[in-house]
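Chain IDs A, B and C follow the sequence of writing; residue 1 opens each chain.
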Amino acid sequence: MAYEGYTTFTASQDEGVLTVTFDFGSVNVQGQEMLSDLNGLAMRLERDRDIKVVVFQSANPEIWVCHYDTNLLKDMSTEAVSREEAKLLDLQAVLERISKVPQATIAKLEGFARGGGHEFALACDMRFAARGKYKFMQMEVGMGILPCGGGASRMARQVGLGRALEIILSARDFDADEAEAYGTINKALEPDEIGEYVDTLAKRIAKFPAESINACKQMVYESIDKPIDEALKAEAYWLYQATSKTPAVKRFQIADDQGLEHDIENQRNWNKLVMDVQNIN
Amino acid sequence: MAYEGYTTFTASQDEGVLTVTFDFGSVNVQGQEMLSDLNGLAMRLERDRDIKVVVFQSANPEIWVCHYDTNLLKDMSTEAVSREEAKLLDLQAVLERISKVPQATIAKLEGFARGGGHEFALACDMRFAARGKYKFMQMEVGMGILPCGGGASRMARQVGLGRALEIILSARDFDADEAEAYGTINKALEPDEIGEYVDTLAKRIAKFPAESINACKQMVYESIDKPIDEALKAEAYWLYQATSKTPAVKRFQIADDQGLEHDIENQRNWNKLVMDVQNIN
Amino acid sequence: MAYEGYTTFTASQDEGVLTVTFDFGSVNVQGQEMLSDLNGLAMRLERDRDIKVVVFQSANPEIWVCHYDTNLLKDMSTEAVSREEAKLLDLQAVLERISKVPQATIAKLEGFARGGGHEFALACDMRFAARGKYKFMQMEVGMGILPCGGGASRMARQVGLGRALEIILSARDFDADEAEAYGTINKALEPDEIGEYVDTLAKRIAKFPAESINACKQMVYESIDKPIDEALKAEAYWLYQATSKTPAVKRFQIADDQGLEHDIENQRNWNKLVMDVQNIN
């Protein structure tokens, strides 16, 4: 399956990792071209079991992904709607679709991510940012709107209410260290470290079975939207979704045959074991 | 609209910022007078679009807001009720009303906040605390009750379950640095820095449109109470609530006219841009 | 009530603290014997109002609790089930029961906790880990399944989505400091400090009334599973559950008699007061 023909990014595949590199005009504006590309990308990813991880990065030395296109924003409706009439916005629909692709998604943030650009980062599974290069801002409150590409919804799923409210109400830039302290990103890294860190993580995850990656990911998202008793049942559902398609039983047989549970030396080396069994299919 | 006639605090207005200074007896006890004042304050704030931000501080050098009045607590009912019979308590009702006022609310914590006093802080949108002066405690478990001014409910919306449970079950004092590490406050600040930090933040937010402040705030609170698909629809609802009343379209037109999306120099200066457009109405 | 006859751990009672020490084979495997013991333990704890706190530790110098028994995992069903057919797994049911016992539960982590072992730690109310000795890993994704002992469900209730997804998708070891930074544990402590830290905390909580410990704990868990308006009503319900069985009214009478709310000196000494009233019943 070829990942070609996009206008706003290029995509290159290396074993199970797809690296998507935004490169669109001077600032990687998030407009209809990018939404169309992202929607097309998601459609392909949903049917692809060879790609296990997607890394989103930028060719632009200063901007990861820019905010939503002001050329679209200036024509927004100014008519209030009722709760029932409110429908998903294009940006929301595309980012939610990206958020739930079966692959693990990583935002590798080496430049600005503001407004819709930051909302896109929040729709990825994980976020790593380069010190000195990364800044994020949700400026919407100052423009007269709110972060409506999932940003208002996803912010409090990443950080506590108080910090979510400060980020969204202050409309100021946060750097990588503040982002790490507040919890919007997983980790802040040095600019010369982030490449290897993300690469190692992506390649590691890409060795794991596609169906267990998907089960893990969907379950974590389901979990916070359900009371614990329903969440636990969803775990059981996803367990059998996974075991029906992965070599789980064979791998546990191998682990059992090695006498894993009676041997402290084997227990010390779980990190090796989990990688060793990746060739058991 | 005058913010006068309160017994337990004074309120002074400086442009869009209302500073509420608790000054009631020797310890700022949280009794019927304070609840009555806070309820009256909320009622006014709900109809006021000129005030954008409320800062809660204390005139008492050691206590921000004291715990709930023991004179009321000693007369509590000792009769268990059914789930159906359980009704909102006065403290819960008032703090929930304060929590949802259309303004951004900031707790500027330069003294003790224990029991109901800390629950009041948790009902504010943001919390900043002075090192060496701030301490918080939820002592309820040791008194034979639980934090029932929203504290048990709001704690796990600020920090993870494990830390929420430790705070509530240990009934011990936490200082500003521990509060920051555990995430109950946004930031710990030096005593000589907190004034300017809060002032700068409050004045910044106060420049933004009242309706987008309200939309942002209500949406963040809604978000964690709803599954993601419903939360996203709520964002769309609040978007048009905002655009129908704010100069959003004009501001994005200005941004677009400046060629924002084709100019890296403009992108670098988003912080300036977001403040510059505040005079476009 | 005697806590005896267990195969996989011993339990010793010191006033209100029950210390459960896992000591089963070479690696403390989490198999049917341990589940059976834990289920039996929970059954007793549910009826015991003398034990207020349970500390879970290990006699094994390297392993706290091992992962789920591979001898059971290798025989897992490989048939997908529908959402309706999905039923609680044994590990889920037992850990959920442990999670909701009326006592405060503390995981004292001085060795590895991987897979189901870490899921057991997540089912405890609080977690403290020893630097240099503790490591945790959720390796399930690499084995072809997902953390299905409540781990996928409970992870995002402890940390934000991004870090929960990294932990579960990377299947790597995290040490005590990373665990603290990501928020899966309450605190990382030095190996020679953790004993006293946990002991002090456990003894402190054990002085408090059983019914208020239970009310606090159940309410925090309820809180994140309910919208705020329902959560607040649950607080009111638990308040009267507590006051109907604890000496709360008498204790607040004492506090009131001491003129607590008019005396700054008394306010400074809340930590002393909360312990002093523990003999008022």
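To be clear about the criterion, a contact is a pair of C-beta atoms (placed from the backbone, for glycine too) under 8 Å apart; a residue touches a chain by one contact, two chains touch by 3 or more.
This is a predicted model, so every value here is computed, not measured.
The angle of the rotation superposing chain A on chain C, based on CA atoms and rounded to the nearest 5, is 120 degrees.
Because chain A and chain B share one sequence, their contact can be compared position by position; here under half of the interface residue numbers appear on both sides.
Centroids of chain A and chain B (each the mean of its C-alpha atoms) stand 30 Å apart.
Counting partner chains per residue, chain B has residues 154, 157, 159, 183, 221 touching two or more of them. For chain B in complex with chain A, the touching residues are 104, 125-127, 154, 157-159, 183-186, 201, 204-205, 207-209, 211-213, 215-217, 219-221, 223-224, 227-229, 231-249, 251-253, 255-256, 260-264, 267-268, 270-271, 274-275, 277-278. Listed in rising order, the residues of chain A touching chain B in the complex are 25-27, 29, 31, 62-63, 66, 69-71, 73-83, 86-89, 92, 96, 112, 114, 137, 139-148, 150, 152-157, 159-166, 168-173, 183, 221, 225-226.
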